[in-house]
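In the two assemblies presented below, subunit A is common to both, partnered first by subunit B and then by subunit C.
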Partner chain A sequence: MRTASGNRPWTFYALASVFVLFVLFLYGPMIVIYVLSFQGPQGGLTFPMNGFSTQWFHELVVPGRSGDIAGSFRRSVILAAIVTVATVVICVAGGLGFRRRFPGAGVLFYLVIGSLVMPGIFVGLGISIGFQLLGWQTDWTVSGLGAQLTWTLPFGLLVMFAVIGRFNRSFEEAARDLGATAWQRTREVTLPILLPGIIGVALFGFTLSYDEFARTVLTAGSENTLPLEIWAMTTNVTSPALFAVGTVTTVISFAVIGIGLGSIALIQRRRGRGAASH
Partner chain B sequence: MDGGTNVTGPIGNGRIEVVAVTKTYHAGAAPAVDNLDLRIEHGSYCCLLGPSGCGKTTILRMIAGHETPTEGDILIGGRNVTNLQPVERGTAMMFQSYALFPHRSVLDNVAFALKMRGASKTDRHAKARELLQKVHLEAFANRLPAQLSGGQQQRVALARALITNPRVLLLDEPLSALDEYLRLQMRGELRRVQRELGITFIHVTHTQLEAIAVADTVVVMAQGKIEQAASARDIFLAPRNAYVTRFIGGQNVLSGVVERVSGGAAIAVTGTGARIEIPLAGTEVAPGEQVFGSLRRDRVAVRRRDPGTSAKDLVNAFAGEVHAIENQGSYVKVTIDAGDGEEFVANVLDEDYFVDPIDIGAPVVASWPAREVRLLEDRRPRHAGAMAAAA
Partner chain C sequence: MKISPALASWLQVGPLAVILVLFFGLPMLVVLAASFFDFDHMTIIPTFILDNYQDLFTDPTTLRLYVSSLKFAVIVWVITLVVGFAVAYFLVFHVQSLLIKIGLFLLCSVPFWTSNIIRMISWIPFLGRNGIFNQMLMDAHITSRPLEFLLFSDFAVVVAYVHLFTLFMVVPIFNAMARIDTRLIEAAKDAGASRFAILWEIVLPLSKSGIALGTIFVVTQVMGDFFVVKVMSGGQSGSVVSALSNQIQELQYPPAAASAVILVIVLMLMVAGILRVVDVRKELAT
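So, the complex of A and B:
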């Protein structure tokens, strides 16, 4: 863009400034938290940095010092894994099923999407009241799981619609023409071609569940997931250990996204190379 | 595994019979294919030709087994296949966009049908390499489809379709994704492959010259019906009606109201008042009827019009203005506007044209020998009075 730099209109500079401010607003606070999580042993919750240490990270794994971080982390990961699997299975099946027009398809679609619009906190409240009514204990593996699925399923289904919308049906017809059975078509053609999109749905499922708060807060029962634990910590932990949690969870989120996107890239590469080797 | 024998079906008879087939997609809507009968001989190259929406692709897909007729039957080699799966029909289809599986190598794409039939990897890859060799792509066996050019992809699609030794190959607009140069090259290639294999090819296209260039039999369709099914030469030289004549091109459609019949020809008055002779070849026409004739573009002579010429005095000729000039190399395409709405084209040999080049807008007379006009099947009673007179 060297040639244009001499006579850029003023709007370029105005919009560029807005963009810079936006990026600062987006990432600034998180960067502050990452930096502060390495606060020295004598340091407090705010700047200035009083030395440098990894002490606050160690505190996270010592039981009782700053809540049940390890336990809630374990629960969150397990829950997110279950939600991911359920979301992928149901959304892929649903997305493929919706390709065929059936009576009531429209109504069903709006019913599913409707739960995206409902305020999450009330969804959670409704579920917990329902459980009370039935005399059941709320628990993160039951009511918590259900509450999170009301959020991830419609999301995943919408993503699947977008993925399937770009899928050319003549691939399936070609497979059928070449003698593939319905199951062979799905396994050998449809799913492999859709796989990058399906990994996308899985990523959505995992990250939406991993930091879900509104729907989970009233349905998790007596044990906390990680976001609930962090929320509790903000009210009773007054050390940079809180920031250390933020840094660790960010690293984990990025790791999950990295694994997801990396596996998409790897699949594409392996296909090229794998084909060459036999 | 002895995949060598069980993975390749026998080459059976590829005679196709479409019997009274109707296909309606939505209840109440006009049928895509309307009570259609068609017979295609084994080992012939047949083109289904027509504008988009004429039902040609629907017929192809019904023969392939990707659509089911609403009514009627489809027979291949004398056997009713109407309710059989595509794989049970001995047909193979080449899709318009080729539909090569993007996640599989060229080799695995070609070997796909054998894999589905349970052939071992060694067997199916050996057979696939053999086919790739036939289409001169053995060097590309390990590429992904996206790494090939359009022409190469088309050849992969051809190899993939042929690996099961089909008795019928169905091609859905196989050349439409290619550029002009490749299109001309590949249509010759398709014809060569068909000859070599001796199986039935059914090729759907909306390009007239493509159909005439490759096919033994051309089937011209409009609105779910067959307008004419004939040899490529007959379709070009002896179109049955005005629709086929106009659609194929290469010929002009003349029309006029019959004034009298004399000497085995109808003398008809055209919209501009000129008189034309149409040889009847034994067909009966009545005075007052509107009749139509076809006239090859390359049989028309064009000369400058003298100022005094009156349209009404002309016989086997008409007066008009040059509307467009297109140099086609060996001839010049002169489009003449006679003011009656029908496009009239004369293909003038280049050496004749450039002796005295006529420009756009020039008044001209186009004329032709009467014997070059062929009567078409269309008839239209012109006036109620004329009809009564004819009766």
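So, the complex of A and C:
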């Protein structure tokens, strides 16, 4: 809200300061642990930096030194990839389905919201007791996967709702008037238009699964995913190796976020150019 | 072949419904059933007893844990609400360029897509006895000795919660505010309304649904947390779920299930209370 003279009101500066402090508060501590993960061999968990080394990163790959980081990392990436694909397929279909009113829509919607706000460990507890009663072993590829989907699907669906809310249905109607079948309409009109949103759903699917802890802790079975391994480290590792794993996992997250947001930006830019040239 | 619209919708939402019923709906019913089960050292024994609930309600620690959890929830709610509202207000009303607005919004959102555990741990070198914050205080001669209460305390727990959950307040309030018709504010200004009056009588009421959604999210997240309170309090504070997770570690599933059922009922009452005050459906419908 600019004042008539074009000067910014004092509230702008006050709120801008709050915003800057908030961003510092968000990123400051995270940046500190990235720096500290390069501690020298004698360095501790806090400043001063005692030299500079990559020893704590090496420690992560030495088997047995700080648990099974490499194995848990591999499992987390595989699981996140499966969750991403499942979340995209299920949420895109679900989002399109919710465009019509259908019997049971309300109940299903409450199930989605319930799944979103339910404390994660309760979901894990129920799945774990259920498996126990059935005499099945919990395993990250089955119970772990299902538990994580109860977290990623609601987010994915809400993203789809937001995307579809902005979708102009006249494109579909035009395609129908030109004789496109339902499948052609979906594949060649609806999905391409929704693509940036769908990439957003994938981004949520991957990152939420890759970092999921509360729902996975009771459902992963005998083999840990990375967040469970990190959780175990917080209680028994008191060296900068803990920060090193934090740096590595954050780099992976940032890479995924960068790819996701970058491709959305690219598509939007191409579209902007396409619209301008016509 | 022509299929009815309702059937088409169900084919599309079918996989969603199946997964949520199998891995959310049924497990919740299992928790409810298990809360009436008996158990011994290794196994749970399906039966119907009320002992788990009786133990829960007669144990004085139950009330203490609820007071502790509620205390954290209220403190964190107030802080995240004030900060989240200010941040959202700044982004919506003070940042004019759409590109910068999106950029700053993403700047706030990116940490949400990284590990919660790592973000929590990152406070340890900051708040510790020899941590950065204490160094700064001593360098500035504000204190002569390091403050001990910063890490492994309720203070650290609140800091970590605010760090993790403020975004859940920012996003829904941002969405609600972004929908406010700016002409309304212009009109109020022309009619001579003060900045405070505009905030209090226009922006705040129209952001209510966003505040309610954020509140539901923050409160359920804090009440359902166990790992932040375990690590950041150094084991000195407890919450309902941290006690429950201890029971799970000791394989006492039925009492843990009873405790979960009661907490879910408490959370549902809180959410129902919030929804009574604010009609959130309006928000979700658009």
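Some notes on this structure:
Convention: the second predicted complex is superposed on the first by the 244 of 278 C-alpha atoms of A that agree within 3 Å, B and C clash if a C-alpha of one lies under 4 Å from a C-alpha of the other, contacts with A are read in each partner's own complex, and residues count from 1 in each chain.
One rule holds for everything that comes next: a residue touches a chain if its C-beta (ideal position, glycine included) is under 8 Å from a C-beta of that chain, and two chains touch if they have at least 3 such contacts.
Keep in mind that what you see is a predicted model, and the values were worked out from it rather than measured.
By the touch criterion stated above, A:Gly146 is placed in contact with subunit C alone, subunit B being left untouched.
Between subunit B and subunit C, C touches the greater number of residues of subunit A. Once chain A of one complex is fitted onto chain A of the other, the partner contacts of A:Val189 are limited to subunit B, with no touch recorded for subunit C.
Residue contacts after overlaying the shared chain place A:Leu96 against subunit C, while subunit B stays out of touching range. In the superposition on chain A, A:Arg176 contacts subunit B only, with no contact to subunit C. After overlaying the two complexes on the shared chain, residue contacts for A:Phe167 are found with neither subunit B nor subunit C.
After overlaying the two complexes on the shared chain, residue contacts for A:Phe57 are found with neither subunit B nor subunit C.
Residues 1-2, 8-9, 11-12, 15-16, 18-19, 22-23, 25-30, 32-33, 36, 45-47, 89-91, 93-94, 96-100, 102-105, 108, 111-112, 114-115, 117-123, 125-127, 129-130, 132-133, 146-147, 149-150, 153, 157, 161, 165, 203-204, 207-208, 210-211, 213-214, 218, 227, 230-231, 234, 242-243, 245-246, 249-250, 253-254, 256-257, 261 of subunit A touch subunit C in their complex. Across the complex, subunit C meets subunit A through its residues 5-6, 8-13, 15-17, 19-31, 34, 44, 46, 83, 86-87, 89-91, 93-94, 96, 104, 106-108, 110-111, 113-119, 121-126, 128, 130-132, 135, 163, 166, 185, 189, 195, 216-217, 220, 223-227, 231, 241, 244-245, 248, 253, 256-257, 260, 263-264, 267, 271, 284, 286. Contact residues on subunit B toward subunit A in their complex (touch as defined above): 64-66, 85-87, 91-93, 95-97, 99-105, 107-108, 112-113, 115-117, 121, 125, 142-144, 160-161, 164.
Residues 168, 170-171, 173-181, 184, 188-189, 192-193, 195, 271-272, 275-276, 278 of subunit A touch subunit B in their complex.
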